[in-house]
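Order of writing sets the chain letters: A, B, C, D, E and F. Residues in each chain are counted from 1.
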Amino acid sequence: MSAGVTADGLAPADLPASLKAEVLLEALPYIHRFSGRVVVVKYGGNAMSTEGDDLKDFAGDIALLVAVGMRVVVVHGGGPQIGALLARLGKESAFVDGLRVTDGETLDVARMVLVGSVNRDLVGALNVAGAKAVGLSGEDARTITATARSPELGFVGDVANVDPQLLEQLMDDGIVPVVATIGTDGKGQAYNINADTAAGAVASALAAEKLVYLTDVEGVRRDAGDPATLASVLTVDELDELVTSGAVHTGMIPKAVSCADAVRGGVGQAHVLDGRIPHVLLLEIFTRAGVGTMVTA
Amino acid sequence: MSAGVTADGLAPADLPASLKAEVLLEALPYIHRFSGRVVVVKYGGNAMSTEGDDLKDFAGDIALLVAVGMRVVVVHGGGPQIGALLARLGKESAFVDGLRVTDGETLDVARMVLVGSVNRDLVGALNVAGAKAVGLSGEDARTITATARSPELGFVGDVANVDPQLLEQLMDDGIVPVVATIGTDGKGQAYNINADTAAGAVASALAAEKLVYLTDVEGVRRDAGDPATLASVLTVDELDELVTSGAVHTGMIPKAVSCADAVRGGVGQAHVLDGRIPHVLLLEIFTRAGVGTMVTA
Amino acid sequence: MSAGVTADGLAPADLPASLKAEVLLEALPYIHRFSGRVVVVKYGGNAMSTEGDDLKDFAGDIALLVAVGMRVVVVHGGGPQIGALLARLGKESAFVDGLRVTDGETLDVARMVLVGSVNRDLVGALNVAGAKAVGLSGEDARTITATARSPELGFVGDVANVDPQLLEQLMDDGIVPVVATIGTDGKGQAYNINADTAAGAVASALAAEKLVYLTDVEGVRRDAGDPATLASVLTVDELDELVTSGAVHTGMIPKAVSCADAVRGGVGQAHVLDGRIPHVLLLEIFTRAGVGTMVTA
Amino acid sequence: MSAGVTADGLAPADLPASLKAEVLLEALPYIHRFSGRVVVVKYGGNAMSTEGDDLKDFAGDIALLVAVGMRVVVVHGGGPQIGALLARLGKESAFVDGLRVTDGETLDVARMVLVGSVNRDLVGALNVAGAKAVGLSGEDARTITATARSPELGFVGDVANVDPQLLEQLMDDGIVPVVATIGTDGKGQAYNINADTAAGAVASALAAEKLVYLTDVEGVRRDAGDPATLASVLTVDELDELVTSGAVHTGMIPKAVSCADAVRGGVGQAHVLDGRIPHVLLLEIFTRAGVGTMVTA
Amino acid sequence: MSAGVTADGLAPADLPASLKAEVLLEALPYIHRFSGRVVVVKYGGNAMSTEGDDLKDFAGDIALLVAVGMRVVVVHGGGPQIGALLARLGKESAFVDGLRVTDGETLDVARMVLVGSVNRDLVGALNVAGAKAVGLSGEDARTITATARSPELGFVGDVANVDPQLLEQLMDDGIVPVVATIGTDGKGQAYNINADTAAGAVASALAAEKLVYLTDVEGVRRDAGDPATLASVLTVDELDELVTSGAVHTGMIPKAVSCADAVRGGVGQAHVLDGRIPHVLLLEIFTRAGVGTMVTA
Amino acid sequence: MSAGVTADGLAPADLPASLKAEVLLEALPYIHRFSGRVVVVKYGGNAMSTEGDDLKDFAGDIALLVAVGMRVVVVHGGGPQIGALLARLGKESAFVDGLRVTDGETLDVARMVLVGSVNRDLVGALNVAGAKAVGLSGEDARTITATARSPELGFVGDVANVDPQLLEQLMDDGIVPVVATIGTDGKGQAYNINADTAAGAVASALAAEKLVYLTDVEGVRRDAGDPATLASVLTVDELDELVTSGAVHTGMIPKAVSCADAVRGGVGQAHVLDGRIPHVLLLEIFTRAGVGTMVTA
């Protein structure tokens, strides 16, 4: 009997009790394997909502990971939401090579949106789902220090260092840190940092077992234009080649580079998953189902 | 669509991935609720095998409870197995009021079978399932102290005291204690103790959240002869009445009395479950399905 | 020689070394007395800047308290800043009894401003001053739970409970929690809470030694219109009377009520200080100089 | 005055109090030296009873070692007792090179006898003597993993690994682990392991200070047939030579090989003592009296 | 055979090994009973030397108590040694009611002798015996605070309070505190305190199991003039009566009063022992031999 | 305005409150820098009183260092006081190369004076100042072991080893150890050790951040006879040269050699300060004022 045919449309309530038990037991070896390990999840971006059922589903997934003993950090950006508030305020931005020039006012807006809005929504959803979440900016306890990328981009920053101590302490206390990727330099100046890059740096600093990017694509393709070339597993070297050859491009580049850097920096595996699939995080971690692209050493 | 009709015969592999995820998530509130709590499970007796798939299933269920953060103690007897070895050795027993008179040789046999055979099989199965199990006799670290029930019964003992310290230490270290219900008096004399009674005493001493009896019946009936009178929930007072009135009788009596004593002694709930249902332990703990009889204050 | 005459205008560099040493030693008994004790400081409001030298001075003062062993929590509001952003966005507010009706959009703006702007500025200044600060919303780890004050006010909340655990953990790790007074109910709905009231509730939950309000007035006057009636010390009963009689009014009411509640709830002393005096916090804690109003049992 | 002449036959009660005190004080440097150190004692075999006064004396000796601060593990076999039960059950064994072929039924019997009888008697005696003992099989928490020695011997195992964690945890809690030398492979299959060999492996895994074999001979002789060649001290190289040359033979071989392996594996000293001498363990550890054979690097 | 006849003059070396072992084992129940318990020993006074073999024996006894797990505090005075130095310095003392009037110079001498000489000799002997000892004055960390007994006696003090914290910390680290009974008031003024009284106060503050006075008499007599009236056991009430009736007098009074106070203050038992008997401390604690007088509730 | 002119003669009470605050804040970076670090201070010698205001000032300074989080050890000698008591006792000393020959009686006197008098005065003053001090001899817990310098000098010792454990434990408990520099050999023989040398050895053993000598000179001069050649900073090599060339001589030699040894042994900086300047310790640590001579790598 194929799952695609007769079991489609079933809800948990339809299942016989013993079948439910077997589904739970299927997760047992994965729980044993990942218990006590760190998983860094990058959430957000264009395709994923920070409200409604998507967010609720995501929060439930994270709560389950924590409930079975994993140590989870959520990292997020919020480009679209920043753009929306800038638009409402009538603030126009210049762009250099496709990157928004971030002056002081833009930075203030970005910080308000990321720390005071997107981050809050995630924390709220996680708390409702039963995880104990604490929202952080990279500025807190100087967790993420940053340097300016280039003078003409203003307060766009690169990660100089990630201090994992606060994140470790919170996770020791059973808390899920939710990190908005604002960094700070030694003088207190804030910088807006690409969230994909920051997630990789956080995963490396924590020597995470897994780094997971939830995106709006199925994974990494060997040929960007051909869905049939979706790669299930890539080594870091293969991934480098795809970046160099241009097969990986635009928004996937920081993810791909960060995946490779993180795995080279000691992270067990990095994953690019399709966040549009409900509960894709659980599927990746708790089942044999191959989803998205896994990057390994 | 009703589960009894179209989903019967499905295996986990037949299910769509997202349905599996939803089954896992259904367990989340129960994981939150029971994480860090003590569950004492009485296993064994006539109806349950200590070998083959039944044992393997049981071990998997226990391993899952532990993996999601519960503290589990398994208590077991082994009357049939004791009888079998006595028979092989040609040792005949006298009986008083249906209880086997336990002379020194009978005690030695009982102890060998319980501690050196039944207990070992349980520990082995749990270790294979991924739980870290340690087999104990109640003699170890004087965990269960006993007194003789009556002179004519020989070394049949009643629980005088349960010292929970060793059990707590092992559980703190992530270990599942598996307890054979041999007790000891101050002078080093061993006694064979009814496993149902001992399980209740262990649960009380640990202030367990749940005490679960896995049996070969569906639960407690208000009228022993009428399957339709199976009680889903009973208060300790109702249970007392059923014992007094004789509605509960024979092998169910020590279970029923122990359930009532344990709940009165601070245990959250006591359960009489049908061990013949596969994974009944998981169903009771992780789903809304009502199975067996629950005894509450 | 009187301080008002010849020492005015001196800078530290002008002082003989031994005089500096004596000033340091004057602080010794206060360091002994408050070491390891909790001090909750309410910062902000109309009169105090969250930028420039005022903020830098304040951050230095807090850093010194922490450096000599105190456990400090900073609580802040940000009414004026919220009003400014609402104005820029062209969002008009209704008012009931002088309180702004807080609909969903207003709440979002308030949260962005408090958590993503005012809070950030405080954290940044503290980090630069050498204190290790972490910005929090009351939503984090469900630290502040809230209930709606009245249906017509929308998402204006009253404190239902303060869970001190996260604050204690952070302070144990040598961190200064900086709390924006957004609360949450059980369903994840956020509420904007009066910062003066929240500060008092936080101080009570932590059994603080001191609760300090930095304001733009000299202290509490027995007769609001007569500066000569500034009270150095008030008992909670005297303070109640001043509130009842109307001598204390408008913006001072939540501070006065919170001072009395906190002291009755176990806080050692509550203070209303004039934040316009440079380093008034250090003066209050480390010197015999009487500044502002102290409320005691 | 020679001890052999006038003090023979004295009981402690006959001794003047100050002489008793001096005996106690003679032990002081040895207590200082061995406090907190691990001593692994192999007990059992042909010559030593697991009942009566011998066992009681042994238990008292162990209790004293623990009382003055040593960390003690007892390891035991039980060949004669296994043979006796097999005989009672009418089970005949084949032998290969003098080793009993161990089929499934033989293994079950061996395990019952070792874990459910010999081990229990030791635990009981230790508990009565005031030590807190816990009986273990090597299967518990997968402490001893094993591999089959050869297909024709059935379930006769060699030690693959000793995981010292459970033993360390129990000793940390002031408990004496008593280990029956049943091992397990990854699939839950049990194996019967030579107790002398297992004792050495346990001592190495614990980096024990001392490994002591209690036997029914005076020690190791340089010439097996000549009592006058009893060696007080042997280096591991000398011992190897005695094994190679055949001077050490039969039952002494596993002990000799294990002594040499253990000392090479980091154990301070290994001892072959004559268990027929009352309290020989105390004499070896607490007095200058040279007893048995000591093996050193 | 009677000990007085044939075993007299025996040295440990004369004893058969097994007899030594039995003597060690006789101590086992006492080691179990007193392990981890606090024993306060008052040493010194007229009859006991702080040099030579007496001191060496005493130090060995203390080292043995510590080695088997007891927590020991030594308290000492040094009246004769103080008198000797005063005499050498030609300093004459006035006496009031038999008590030396202690002016500033006398106090300085007393403190030098107690802290800088007697205390040092004890610490040195204990260190050589293998105990880790630290000498303390009651002034250290304000352990003993004192008040003047009467203006005319000068710096003769009574114990106002004993703070057990430093003593507990040192014992936690395996150290024997050796306390010279100088106390201090809040202003740093030192006082000389009767060592018998101070020992009792220290024992009460530590809730000691035993308080032992080593003296130069056999114990407490019911009739001071009649050696046959030596009391083996006295209740605190009986002891009070002996003090009131004058049966206990002179130097025994502070000991007797302190024994009664200590037992009433929670100390298990107090003992007056004859320090002239070699190793009397070991005999009292480790054997059934009744020595001296025991005071119980 | 120059400090030397108009602010001279000011008392703290004369200063405006805000100026006091600024003085406190000037100390903040130094508090951050030295918090948790070890500072060893050598006190005493000819020029510094162990009584009166000097001692009180010194004790206050130490109390402040401890209050702001430093770990402080005070080391002291007492040559003049030893000489005074020897004189009073009519004990004449022989001298070899300017060093007092220390026979047994002289050693007893030295120990009484150092441990029972000078040490006590320091402990008393520190306790009054609010630091929790414990007086130690190097003999305590065998902290300082010593060897004889030469047979003809008797009990004059050199440091063989410093065991930092007791000092670390006391500092962990918030206590200031005050060390009299008597050492001991393995047999319990005490030795009098040069306090300057011992202070350096203590600092090395603790890997101190700072070693400070409080002396009666301004610092180290490059030309002993020329006050204008006072060196603010010296490298260890420069200091060696000054010793070799004879520019540093007499009492400064052990200080200079110990400074160089300590810095080479891992101590951050060593200082020779003028103890006659009030609060010179605070000035050195908490201000930018350059005082005395600093020795660095």
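As a working rule, a residue touches a chain if its C-beta (ideal position, glycine included) is under 8 Å from a C-beta of that chain, and two chains touch if they have at least 3 such contacts.
Fair warning: this is a prediction, and the values are worked out from it, not measured in the lab.
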| item | value |
| --- | --- |
| Interface composition of copies subunit B and subunit D: same or different, split at half | same |
| Length of the line joining the C-alpha centres of subunit A and subunit E, rounded to whole Å | 69 |
| Distance from the mean Cα position of subunit E to that of subunit B, given in whole angstrom | 57 |
| Shared interface positions of subunit A, touching two or more other chains | none |
| Chain contact topology (line, ring, star, complete or other) | ring |
| Going from subunit C towards subunit F, every chain in order around the ring | C, F, E, D, B, A |
| Subunit F-touching residues of subunit E, taken from the complex the two chains share | 88-89, 108, 111-117, 119-120, 123-125, 127-128, 132-137, 139-142, 166, 169, 173, 175, 182, 184, 186-188, 190 |
| For the subunit D and subunit E complex, residues of the former touching the latter | 1-4, 6-29, 31-32, 35, 60-61, 63-64, 67-69, 129-130, 277-279, 282-283, 286-287, 289, 291 |
